[in-house]
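These are the structures, in structure tokens.
What follows is subunit A paired twice: with subunit B in the first complex and subunit C in the second.
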Partner chain A sequence: MLELYGTKLPSRLLLGTAQYPSPAILADAVKASGASAVTVSLRREMAGGGRGGEKFWSLIQSLRLHVLPNTAGCHSVKEAVTTAKMAREIFGTNWIKLEVIGNHDTLQPDVFGLVEAARILCGDGFAVFPYTTDDLVVAERLLGMGCKVLMPWCAPIGSALGPVNVTALRSMRGHFPDVPLIVDAGIGRPSHAALVMELGFDAVLLNTAVARAAEPVGMARAFGKAVDAGREAYRSGLLEPRDVAVPSTPTIGQAVFQ
Partner chain B sequence: MKLTVNGEAHEIATATLAELLAALDYEGNWLATAVNSELVHATERTLFQLKDGDQIEILSPMQGG
Partner chain C sequence: MRVLVKGAGVAGLTAAFELAARGAAVTVAEARQGLAGNASWMAGGMLAPWCERESAGQPVLDLGRDAADWWDAVLPGHVTRAGTLVLAMPRDVGELDRFASRTLGHRRVDEDEIALLEPDLAGRFRRGLFFPGEAHLDPRRAMATLHEKLAGSGVEFRFGMDAQHMMGFDREIDCTGMASRDERLRGVRGEMLILRAPDISLSRPVRLLHPRLPLYLAPRADHHFMAGATMIESLSTGPVTARSMMELLNGAYSVHPTFGEATIVETGVGVRPAFPDNLPRVQTSGKTIAVNGLYRHGFLLAPAMACRAAELVFEPDKPVELADETDGQRRSA
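== the complex of A and B ==
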């Protein structure tokens, strides 16, 4: 069973909660996916008792899943650290999906700021889930700061491109055989999720591909199945590709017709 | 006293962060507050003295990926 910072999760799918057509569809999609954890965020609350945040938080609590707050939208170490502390205050968890964004167009992580923010937050007792690239040196630094989980992107957030550098992901798995690795960002299709699970990744975190599907509940179910299928395939031992044909039907005893 | 609350300018005569929240009709235990980019715990708001020019952020849960 997947274990993250000492917490065992029955599912290897983590689902985002943004961009769904309605709160009811969000709740149904989460349930259909079988996800063990959902990501949430923080934003400015409107004055005047709007209570929008309260309604959303009540919905999330009713799902009875693990909550992974994020620092989405933060572009500096200071922003990310303060947001993480505020998230811990509200959500009552020391889990934090740490995002320090470095580029407006690609939303790729500022890996230098990420490492520094991870140092501060790990030292403050947070269980840091860093949204990072597939760079091995950055991964080493994050582990050195105290991260026990790594969350590399496989493509830019929301792009739906799927794994654009399978070789790098495979290399990451090979270099860190004992570190939980979660592919976060860029997954567009269930087949993408299955592929990274076949590579041996421990879990998948996605949002847009489900939330923006024509039928989010059906897509959530499809992703749940894909993650399970990919994991079981990895554990069952995949056949390595070959350049030559090998007959699957035995040739011994085959009739010879002149 | 001039304060900036969630990016908006306010001229308000409140001494503490708790009083500010009440004056602007923020309520509930699902809010997190920061003053000048530093977290102020819910338990500290009653005693936290505001001063002219403070920047206050009041955040609540929302959807995220």
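== the complex of A and C ==
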């Protein structure tokens, strides 16, 4: 079973909670997906220093799943650290999905700020889930700061492109065989989720692909199945592709070379 | 029949109209000193049920389909039936396909047709969607005129009045939005700007699709435009944030750079009352009927909700749709 910072999670799918047509559809989608954890943002909802978002946050908590608050919308180390501390107070969890955005347009992580924020938050007792790129050196630094989970993107947030650099993802899996790796951001289709799970990733985190589907509940269910299928395929040992045909029926007794 | 309507937002005013039209003696009590400042005051005034269906449940289309007719009949001259134009910047045209696949009642328009519909946008967008059956009005003018009309026909208005202690009514209609104590309601904060841009005219609301920062511009009299509106899960009524303002202005500037020279006449913040499925409710409890949860569809849904509330008062045995939440309704949403 997937274990993140000592917590066992029965499902390998984590869902975001933004952009759904309504909280009711969000709740139904989460249930249909079988996800065992949800992320929630609070930076913007806290605007003005208030707790105006409490009603929505209590709806999220009523889902009775693990809540992974995030620092979405933070562009500096200071903002991310402040938001993480607010999240810990509001949700009563030391889990934090750490996002430090470097570019407003591409939503690419600022990996330098990310490492610094991870250092501060790990030192303060947070269980940090860093949203990062597929860069191995950055990943090493994050682990060095005390992160025990890595969350590489597979494409820019909300792009629905799916894994644009499978080689990098493969190499990341190979370099960190014992670190839980969660693909976060860029997943557009259930087949994308299945693919990264087949590569041996431990879990998938996504939001837009479900929230903005025509039928979020059906799409959530499809993603749940895809994640399970990819995981089971990985555990069952996939065939490596080869250049020549291999007949599935043995052809003993016939001349092979003609 | 003496009826007390609490709240003079669009839900309260339309309910007062439907009740008075059926012969009730209506008193409207509003906690504020006037019509200004409530959520309806910040509304866009778009009567756009087909566009809204992109993210809203089917009941919003069903209940909102006849809204333009209602407003036109009650307030002649207020409704502009010029449709809605939906556009996207070249790199976001995928959003147009997505929007088109989720909605009905539109046709695709190319650069030439966009120029015919909105000459000031000529050459700026290559593709768009046109929803010819939609309409818009100016919410503030509509509320003020409806108030005058109701007052002129004998409806009593009590502004600055805490309705808690008003006695002697046969029925009460609670249209107080977020001020009602319904535990299931949550607030969805919306921030808006009113711009004045003398160098541009639009004949109809223009929606600019964007994966993260959608925007609409609703034209008002004398080159005024309402730019709206953010959707933030918060019931804070604090001032508009810099980020929201930048996003709204950026959107307006993307529609046409001349909005860069617009003056910012007003910034506004309202909180939309919403139930968990974002659909409205008419609920009866004792002698009180509550109309709430109109979310971002106040002017679109208030007429239908007012008719249902009035039917509940005068024809209590008639079954009323949306009287309360049902799972079936939610699933179809």
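Assume the second predicted complex is superposed on the first by the 242 of 258 C-alpha atoms of A that agree within 3 Å, B and C clash if a C-alpha of one lies under 4 Å from a C-alpha of the other, contacts with A are read in each partner's own complex, and residues count from 1 in each chain.
What we mean here is this: a residue touches a chain if its C-beta (ideal position, glycine included) is under 8 Å from a C-beta of that chain, and two chains touch if they have at least 3 such contacts.
Remember, predicted model here, so these are calculated numbers, not experimental data.
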First (subunit B), second (subunit C), both or neither touched by A:E215: neither
Partner chain(s) touched by A:N70 [first = subunit B, second = subunit C, both, neither]: first
Residue contacts with subunit A in the superposition, subunit B compared against subunit C: B
Touched partner set for A:E89, first subunit B, second subunit C, both or neither: first
Which of subunit B and subunit C A:E45 touches, first, second, both or neither: both
Which of subunit B and subunit C A:K78 touches, first, second, both or neither: first
Touching partner for A:F56 - first (subunit B), second (subunit C), both, neither: both
Partner chain in contact with A:G16 - subunit B first, subunit C second, else both or neither: first
Which of subunit B and subunit C A:A27 touches, first, second, both or neither: second
Shared subunit A surface residues [contacts with subunit B and with subunit C]: 44-45, 47-48, 52-53, 56, 158, 208
Interfacial residue positions of subunit C with respect to subunit A in the complex: 55-57, 98, 101-102, 185-187, 189, 211-212, 232-236, 238-239, 241, 243, 274, 276-279, 330-331, 333
Residues of subunit A touching subunit B in the complex: 16-20, 26, 39-45, 47-49, 51-54, 56-57, 60, 69-70, 72, 78-79, 82-83, 85-87, 89-91, 157-158, 207-208
Complex contact set, residues of subunit A against subunit C: 21-25, 27-28, 44-48, 50, 52-53, 55-56, 59, 158, 208, 212, 214
Residues of subunit B defined as touching subunit A within the complex: 5-7, 24-28, 30-34, 37-39, 41-42, 57-65
